[in-house]
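Take a look at the structure set out below.
Labels run A, B, C and D following the written order; every chain starts at residue 1.
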Amino acid sequence: MSVQERVSAEEAVERLRSTLGDDVGDVEVRFGHLDATCSAENLRHVMTTLRDEPGLRFEFFTFLSAIDRSEFGGPDKPDKHGGLELIVHLYSPAHVLHINVRVPLDLADPRCESISAIYRGANWHEREMRDMFGIQFEGHPNLTGIYLPEDFEGHPGLRSFKLPNRAFIKPWPGAKDPEEAAAGGR
Amino acid sequence: MTQIRTPEDVAREVAEGGLATQQMILNVGPQHPATHGVFRLLATIDGEILAEAEPVIGYMHRGYEKLVEARDYRQITNLVSRMDWLSGFNNELPLAMALETLMEIEVPPRAQWLRVVMLEMNRILNHLMFFASFGAELGAITPTFYAFREREDIQLAMESATGGRMHFGFMRPGGLKEDVPRGFIAQALKSVRQVIARLDQYEDLLVGNEIFKQRTVDVGVLSREQVMSYGVSGPIARGSGVSDDVRKDEPYLVYDRFDFNVPIGHSGDCFDRFWVLVHEVVESARIVEQAIEGLPAGPVLGKVPRVIQAPEGEVYVRAENPLGELGYYLASDGDRRPYRLKIRTPSFNNVSVLPEVLRGTFVADMIAILGSFFFVLGDIDR
Amino acid sequence: MEAAWQEGLFFVFATVITVSAIGVVTARNVIHAALFLVATLIGAACIYILMFAEFVAWAQVLVYVGAIVVLMLFGLMLTRAPIGKYGEYDNDQKGLAAIVAAAVFGVTAWVLIDSFEGVELPTDRVAATTSKDVGEAIFSSYVLPFELVSVLLLAALVGAVVIARRDERVTSRTIDAARREKAREEDV
Amino acid sequence: MPEFIQNFELTAWWILAIKLIVVLTVVPVGALAGGYALHKVMAHLQHRLGPMYAGGFHGWAQTLADGIKFVLKEDIIPEKADKPVFKYAPAIIFIPILLLYLVIPVDRRLIVQDLDVGLFYLLAVSSIPAIGILMAGWSSANKYALIGALRSAAQLIAYELPIVLSAATVAMLAGTLSVVGIVEAQDWPFLFWPPGIGLIAFIIFFAGSVAEMNLPPFDMPVAESEIITGAFTEYSGMRFIFGYFFAETAHMIAFSGLAVTFFLGGYRPIVPWEPLTVIPGIVWFMLKLFVMVFLYLWVRPTFPRLREDQLQKFAWKGLIPGSLGLILVAGAWILYAPEWLWH
């Protein structure tokens, strides 16, 4: 069986702190999953440790993605706006633990070290992120487009990339909720 | 043992005075009967051996992750059921669960049990479909018709409750759209019992067939290490002896109440993957039986606000899709629309391991391996 | 009457053979050349039939058309058989080759005419050799040459196997076995 | 009247021409019927009904309608194809299959030409379609077609031998190469006498013919899920029908006829009981033919497909040594078996 010992999230936070120390920033527990921050330089080191440390063993690569937080909270709350953030989600089948590793990146020139040598499954995810967010992964064996045609302009994952037919051509027709409908709709 | 010859090796051999052979680039797809959709495999073949195989995807990319940023949650629930068109109901579940977690909605017991019934019936539908297509890919067309006979019964039961045959649209954050109609219970029970009763025929037709074993045993072996490193999940991972099943490890809904096994293979070859798939059908049928027998009464929709508006927060929710781990990373900033929804589909990770598995196999094995990776194109490309 | 038919048909087949034999050497494409060779061989088989030598005729078709040319086409297609007019198969020894061919033709024709002049070929089925005659001839008066040819062929076969078998090619099965071995080690 | 025929100088040629015309009409009709049987047998083995509408009664006219549809379809020739080769390939495949019918004895006298080397003729002619398949595959300028053609050639080379050797066993036991002679030499029970030799030869012949006709489990050359339709990927309309569908069913019927002739006692009654000889030989022949065709049709939807190397292994390590051994056994039987065992 894969599950060897169920470890509580709090206990895992302790183990994470003791092994990685200052290499990871804030560690908290959200909805039962660990949530940690690390810098782009430290990413490879953190990933290798998370995978190999016997008390953690985050062996299962779940996904790698990114969030562009530059419009978070909408125009009303500019204080919440942030930059680009890389998210790596790992799972530890032995201890039934999840972890989100967040890596803040520079929105103007996003660069990061590739982790495809540590988790080979990250290969395609990094190619997808390159398409969608324009992130350059250094050390990736084959950083070419995966979804978009090679001559596609722009990075659709970014908030600055608007869906044309929704944003510009016609108003959004489907947002009518019951209350709005009763009041005459938007 | 010599290595598989890469194109560079061949060029060197020729330069050294070897036989002037050439490797041929074979485009399998985008339109090919064995790829289940617009999927292309750029194969470099040396005789009938694949020296390299690079999957090319994206022909069906519809940009769901961007589309959902402009839609509200009710629309998204229906939209995501189009990703993996063979298991629409399963696609809708983790999203509903993510919203329920963020909005702290209590799902009434009857809804949870009914969800399990629907999920597992949908899983049977999906697995039978792959049973059918795998046989057809290996040249046995007859199992296809056997599987479709059973599929039809289950599909009729699902249709009587939801009105849909593929995209059910029956899931709502907080429960289900409505209660199942009268007669559904009996119909569903009958159809899944029939599946259990007829599984012997399936075993005889394919699993026990000597030629089938010749084609699949020891072909396309996927190691445990590859499963982990690539994030492979579902029947494919379990075929390699990895026992992870979200339903067991982190039970959601009411899965901890049912008695079912997780079939596990040993060798990670095509045969074990297929064996796991076939046996999961029985386990799913058993779960449906138990869930129908213990079905509680009560409402099917919890207390849901009239406007579905998730509070600020971020959550990753996963569930055991028929093809593997399907998860949604939902980041909400308090709007009626998600700020960002990362869709972690099983097929994307599962297929990304293909280049490693396909190296050095025969062209004919390539078909068996592609078939045993049980992928849906919409699930890869999103 | 029968003889006249035979003679007319002989010229038809002879023309087919000549035209396709010229096709073999002038074709710009190796596959076309091989296909012309098929026509030549089948034409020769037809001439055998005209002489009621059915056994030889069908042996010709079975061995040369059915096996050797198929094998030849197989080899050509596996290696280099570009579609379309491609490649230049002429070289400067063309003239020499023509002279040699003409000489061979002359010698063969002279030998044949010299030894068989005046011999009448069978014109009806009754006089023709049957498979029984062929069998008896091979296994009585010609048994030594027959066995010698068999040994020669066997030697050629063994030689072909030795040349073809350089080193063990990697198949999926050997790779999978190695992978499984590795996976097993990791599990332990 | 008989005197007139005897006095007519070209008698033999005329009769041959009439027989040829009969064969030329019977074979396509038989192929159509075979196609219909294929639809129906497969459908019923798979919990389906098969064609039910065309023609009214159980869709009997389905293959006819299909044929008309294919005749009306556009004949597409790929631009990069080697056009003359591409065009004539179906003919090279189909004509030899037609020629096979010339020496199959439907009844003691119902045979186009009883050749002295009939068996040899059959084997020679049945090896020609491979050239057509190679031509089709190469000239299509399509990689899948080329792979299909190569597979088919490799398969033919491997399976020609077992067929030839098992047929040779039959010829040895019968003591003749004439097809009618082989039928006459067989004794009841046809398949099992002399002890088992006939049966083993039949099994080898059956496996070899399945491979030669590219039927599952040996249908790698046309494996639709791997290489589309192999050599015929680029064909359409009439050429596709003649190169592939028609050829397949006509081939199947021809090989059934051969199997009946070589192993099942041809046009002779199934048991040596005097009253049964009243039934004409053609009826017996047809009955046995139907059984054989059904056998081929039954194999088709039952098995998955083998892999090319497995097939070669099966041929070179199993069937060929087996059939060689069988020849030895048959030779020993002929030389040393006591007389009373023969009859």
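Here is the rule we go by: a contact is a pair of C-beta atoms (placed from the backbone, for glycine too) under 8 Å apart; a residue touches a chain by one contact, two chains touch by 3 or more.
The model shown is predicted, which means the values in this text are computed figures rather than measured ones.
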I want to compare two interfaces, C-D and A-B. Which one has more contacting C-beta pairs? A-B
Chain closest to the middle, measuring from C-alpha centroids that were averaged per chain: B
Most remote chain relative to chain C, going by C-alpha centroids? A
How many angstrom lie between the CA centroids of chain A and chain B, rounded to a whole number? 23
Taking the mean of the C-alpha atoms as each chain's centre, how many Å separate chain B from chain C? 55
Round to the nearest whole Å and give the separation of the Cα centres of chain A and chain D. 63
Expected list for chain D, residues touching two or more other chains, is 309
Please set out, as single numbers or ranges, the residues of chain B touching at least two other chains. 362, 365
Where on chain D is chain C touching in the complex? 9, 80-82, 85, 115-117, 120-121, 123-125, 127-128, 130-131, 134-135, 137-139, 141, 146, 149-150, 153-154, 156-157, 160, 164, 177, 309
Show which residues of chain A lie in contact with chain B when the two form their complex. 1-3, 30-31, 33, 59-63, 65, 67-68, 71-74, 77, 80, 87, 89, 93, 96, 98, 100, 119-121, 123-124, 132, 145-148, 156-157, 161, 163, 166-167, 172, 174-175, 177-179
Inside the complex, what are the residues of chain B that reach chain A? 57-58, 61, 63, 65-67, 69-72, 75, 101, 226, 228-233, 242-244, 249-250, 306-307, 312-316, 318, 325, 327, 329, 331, 333-336, 339-340, 342, 344, 348-349, 352-353, 356, 381
As the complex stands, chain B meets chain D at residues 24, 26-27, 32-34, 48, 135-142, 144-146, 149, 206, 209, 211-212, 214-215, 362-367
Interface with chain B, chain D side, in the complex: residues 42, 45-48, 143-144, 147, 216-217, 219-220, 223-228, 301-310
